[in-house]
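Chain naming follows the written order as A, B, C and D, and within any one chain the residues start at number 1.
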Amino acid sequence: MSSSLGTLFRISTWGESHGPGVGVVVDGCPPRIPLSVEDIQRELDRRRPGQSKIVTPRKEDDAAEILSGVLEGQTLGTPIGIFVRNTDQRPSAYTEMQQAYRPSHADYTYDAKYGIRAVSGGGRSSARETIGRVAAGAIARQVLRHSLPRYECLAYVKTIHDIVAKVPDSLSAENIESNIVRTCDAAAAVRMIELIEKVRSEGNSVGGVVECVVRGVPAGLGEPVFDKLEADLAKAMLSLPATKGFEIGSGFAGTLMTGLEHNDEFYMEAGTVRTRTNRSGGIQGGISNGEDIVFRVAFKPTATVLREQKTVTNDGQETTLSARGRHDACVLPRAVPMVEAMVHLVIVDHLLRQRACSGS
Amino acid sequence: MSSSLGTLFRISTWGESHGPGVGVVVDGCPPRIPLSVEDIQRELDRRRPGQSKIVTPRKEDDAAEILSGVLEGQTLGTPIGIFVRNTDQRPSAYTEMQQAYRPSHADYTYDAKYGIRAVSGGGRSSARETIGRVAAGAIARQVLRHSLPRYECLAYVKTIHDIVAKVPDSLSAENIESNIVRTCDAAAAVRMIELIEKVRSEGNSVGGVVECVVRGVPAGLGEPVFDKLEADLAKAMLSLPATKGFEIGSGFAGTLMTGLEHNDEFYMEAGTVRTRTNRSGGIQGGISNGEDIVFRVAFKPTATVLREQKTVTNDGQETTLSARGRHDACVLPRAVPMVEAMVHLVIVDHLLRQRACSGS
Amino acid sequence: MSSSLGTLFRISTWGESHGPGVGVVVDGCPPRIPLSVEDIQRELDRRRPGQSKIVTPRKEDDAAEILSGVLEGQTLGTPIGIFVRNTDQRPSAYTEMQQAYRPSHADYTYDAKYGIRAVSGGGRSSARETIGRVAAGAIARQVLRHSLPRYECLAYVKTIHDIVAKVPDSLSAENIESNIVRTCDAAAAVRMIELIEKVRSEGNSVGGVVECVVRGVPAGLGEPVFDKLEADLAKAMLSLPATKGFEIGSGFAGTLMTGLEHNDEFYMEAGTVRTRTNRSGGIQGGISNGEDIVFRVAFKPTATVLREQKTVTNDGQETTLSARGRHDACVLPRAVPMVEAMVHLVIVDHLLRQRACSGS
Amino acid sequence: MSSSLGTLFRISTWGESHGPGVGVVVDGCPPRIPLSVEDIQRELDRRRPGQSKIVTPRKEDDAAEILSGVLEGQTLGTPIGIFVRNTDQRPSAYTEMQQAYRPSHADYTYDAKYGIRAVSGGGRSSARETIGRVAAGAIARQVLRHSLPRYECLAYVKTIHDIVAKVPDSLSAENIESNIVRTCDAAAAVRMIELIEKVRSEGNSVGGVVECVVRGVPAGLGEPVFDKLEADLAKAMLSLPATKGFEIGSGFAGTLMTGLEHNDEFYMEAGTVRTRTNRSGGIQGGISNGEDIVFRVAFKPTATVLREQKTVTNDGQETTLSARGRHDACVLPRAVPMVEAMVHLVIVDHLLRQRACSGS
């Protein structure tokens, strides 16, 4: 159950990092949506290890195969199976870790829960699991492209450690992809890259904040009470590896405003209800109001550091561990496409739900 | 669908603020759990309007009736229906709002979604909906009391606007309930009460942050991938009215640490795996590690302010609106039991899921 | 969980037979559907005890109250709560049964499952639970009336014991409701009534078969693989009390035909694809084909007989039991509206699912 | 959604008959269950084409690959992915069918629903979809072997057309597998084989009834109200291709008995509550009573017959169609492992649900 997400556009990811492969089944995709393997591969390439000098140098091409649900470039309405073979396993790098729990990793908790664990590569807790999400997100993106022509989702690195990017008025996919950090501020990008290279050279790591702006979502998506749009976004983001926080619109800073300062006044623009400000972050009462949806996600510094740390073994002995292997000193550049994929998945699910329950 | 939450311990709330009543059905509660109406009423009383001078003066006793699922003080394993009749409706207070959308409320988005709306009292988007949650949470609490004897959930007001409470080492339900703000710092409580009274006298409002510490959750609860324990907590919190953010453990501040600083080193204590620090907030890889679960939730300043604001009517005319009615100038004192209820619900659901899927 | 049904039009029933009341919450009903309490009461009256001389003489008016989700005769799109207070409990009639398990009832299995049981009136296993289903079915019927103007669902008693009704060409709700058995054959009705009165006078009981014809379901409803329309109908019917079998179209008798005899040839009629015969029962590959949906449900003879039977007590002693109380000697007349309600619920759920996933 | 089944032990099948392959993801399998690819392959071989002279001569080895969730012969508690590549597609055999709808197949209804269809091999409506079910069933079987040592599920052909098998007292897997029809009566098997060969030589087909006896299910499995054990079995069976009916215990024939004849009297045997007869089919009130679960499933004669039939094309022209290709003249021998797989899946899901909600 826990590897599935979505009510109507439902995805089920599977696969251990060092098993035969990873993948996803998407059940509930509408029929007759144009979809090619390139639509999926493009997003997987943004998530891929080895894509730049500031991410893990593991060499995996993460080539997707569409196993079902698509015929001659169109979805059939049946489950879409996506499969990516694992190719670059080096289980030997994990010998030591088999016994010693990596601090701030899921090693101990998996053992506590299951009494068994795929040690090599982190098994199911590996970030390789997100391949299935990104592939499914690319499919969701195609549905949205088809159904909401103005839809656009732009995630970008807002901060790395204490370096803050300036968000330009002319935010676009192009300026985000123009640098390997995936930030929207070219000057900050230079400093961020320097910082990431520095901490990596020290065997250390850093975290940061991804911000996301979602445009073109019409008013009326999202459900009252438990499946509020922001609640589903929060769950989607906190389900990504290494995330520690989520805030929408004014977020935590909004608690320092009074109600009069915080409220978004309505006005009319070309026959449409608009708000002057957007402290609400595009959602009111769990339902989109047609303004940009804006939220932020905190990613902790990568837990795997190449320095000696104190820990315990799976038989209860205190020990030390110096991780080896090839890891990201900062996950944020690769987290950007993950955040976008989760947004696509949440929005498309609510779009289908809204279609189902509209009154006529 | 969207008024239901939980996989195995599943709750469905229903009811509009000014309709006949509100309530909840809890399906999946284990049998033979001691439960009385007082267990439920006690929590409803903490959520109730009119409980102190700093909350809305509406007079509703919110008296719960158990309609099913309990016999002679014990749960039957069948659905538990809880019903609270509405008693203090004053629809006349809402005449003006019928046409003018209240800024930062759900009025406009409900109309956009449904094309119809229970205007009076906010209908389904009213905080009265949380009565069902709090009642269900009290039932969940009983299951946890029975199954996890060391379980304890302590939520408290951490900040109101810019006033920050100091968290004592000896945090307890008693010191939280000793003041009407439900903060854990008596000195801060005085200043918070003053501030709330001041903004209310001005027809304005304030927000703040609730922090929550959950003790006695054993290692192994939570599910990998999408139903991570922190993801379900984030969704539960962002589904509460007026919430804008969630962070667990180190949260957003953790992005300013390096991996070496941030990692929680393991050690052994009396045969148990422990961590020296708790940046993880008690959860690693989506699964509890036995440490305290610690998180924070941002609540925006109440949207209803008794001052004139610009807005539009439901037929697209620009206008101004001065809200009337009796409202909370600060929702946080009453939000504390809501946060606790949602925690109980998330934890009990994962406890049942863990029972189902343990290996033997 | 197990008291809920449906994916998008989701109902949750609650209530024990001799507790405060019974009811249902319907979550996912589209907004702006005309709905009055009379729409619901009309169907509850067809299900009600005491409606004729051949059903149980218990006197319960089963008066429905709408608690939420409806405003000024229209649905709001929010959960609809329906509540029926229990009024005619006579727990004393059940004293003996508290210890002795009634043969072919759920007494023993509830004890085996839960270790606790609402003995009086059968608790949750009582047919009173179906009040919630019939009320929810009436709501579903309103949605279908609004969305599928040609939709009509006609269930009727096909057999009582060995008496078989002849189905007229001009089957209509009127000829079914013209007799208290709810069969479609006036002559058979007379004999059926005689038989039911005879077995009741003997403290015995009889069963029979309900047949159901559903007209006006367009081609394309139902889902491949697990949620086939006939699979969901089968589940819905076997979830009704006292049912032992379900067959659709040619059913078990179809196994005596060859493929050439059994296949439904296609032809065109006024631009529509039609089949010459209807062995398929209106469904092919789990999806409606536009022909009438035709199925049958077997109901066993009522388990409660007023004659001495051998049984055991809840502490493992062999004993005998002569049931008392007021029971139906034949459940079929009251089962007819239950079957129809379940059909409405299955069809409306698939209608909403189809809306969600259609391609555009 | 519709390609998934189960609440806690949840399977999602995927794949078109003539696409790259078919498979299943099993989410919710408990950890540390012994599982090898041979456990799965053994059941797939019983379902496989070409296994005997009375089934379709298509040559597919249906070799399963375990893609995830298993390490060194043990389940990990994570999703188990199973993949079977398609090898023997002959799309040319389907050229004609692309236009003409095959009578009593899903061709027309898929077009009506989706507006697109994988014509070749029947796409998703092909019986190849059941490969995923049988593989998942084999995994469920391993969990049950581990958790319920006395569990045994024996399905067998009860009738083919008008030939009825005699069920011996000493029913066993061995006597069922001793003949290629998978019936429990060696003499009937000879006549059944003759009949199947005869109708096949005529380009015709036959159907029949599979009966299933499930032993070793303890009292207490199954849920009240909607997820009754028999309701879930009925849904599971009616979701199999070519099924038209389901009955449990006394079934339709039970409607010819009176209550006194039909009731199963209780008695004690070695401290256990037993019933003298088993008209209930092992389930009372939706919950198992510890007796054998006994049910029957009707399978219609195969729709694909190699004789000319009248039909229409997808552009509304009347035409005739003579199917070609290699098909089963009788699906029942291959349906036996499918029925068993569905039973395993239903029982294991209810076993996990019972674990979750037991009182302690």
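Throughout what follows, contacts are C-beta pairs under 8 Å (C-beta built on N, C-alpha and C of every residue); 3 or more make two chains touch, one makes a residue touch a chain.
Computed from a prediction, not measured in an experiment: that's the story for all the values here.
Annotation: A-D is the more contact-rich of the chain pairs A-D and B-D, by number of C-beta pairs in contact.
With chains reduced to the mean position of their C-alpha atoms, the one farthest from chain A is C.
Separating the centre of chain C from that of chain D, both taken as means of CA atoms, is a distance of 26 Å. If each chain is reduced to the centroid of its CA atoms, chain A and chain D end up 39 Å from each other. Computed centre separation for the pair chain B/chain D is 46 angstrom, with centres defined by C-alpha atoms. With touch defined as above, residues shared between interfaces to two or more other chains in chain A number as follows: 1-4, 7-8, 13, 28, 31-32, 77-78, 113-116, 124, 224, 353, 359. By the touch criterion given at the top, residues 8, 28, 30-33, 77-78, 147, 224, 352-353, 355-360 of chain C touch chain A in their complex.
Remark: chain B residues 1-4, 7-8, 10, 12-16, 19-23, 25, 27-28, 31-32, 65-69, 71, 74-81, 83, 113-118, 123-124 touch chain C in the complex.
The residues of chain B lying in touch with chain A in their complex are 1-5, 7, 13, 101, 103-106, 108-110, 112-116, 124-125, 129, 159, 161-162, 199, 204-209, 219-228, 230-239, 241, 243-252, 254-268, 271, 273, 275-276, 279-281, 283-290, 296, 298-305, 307, 309-312, 316-318, 353-354, 359.
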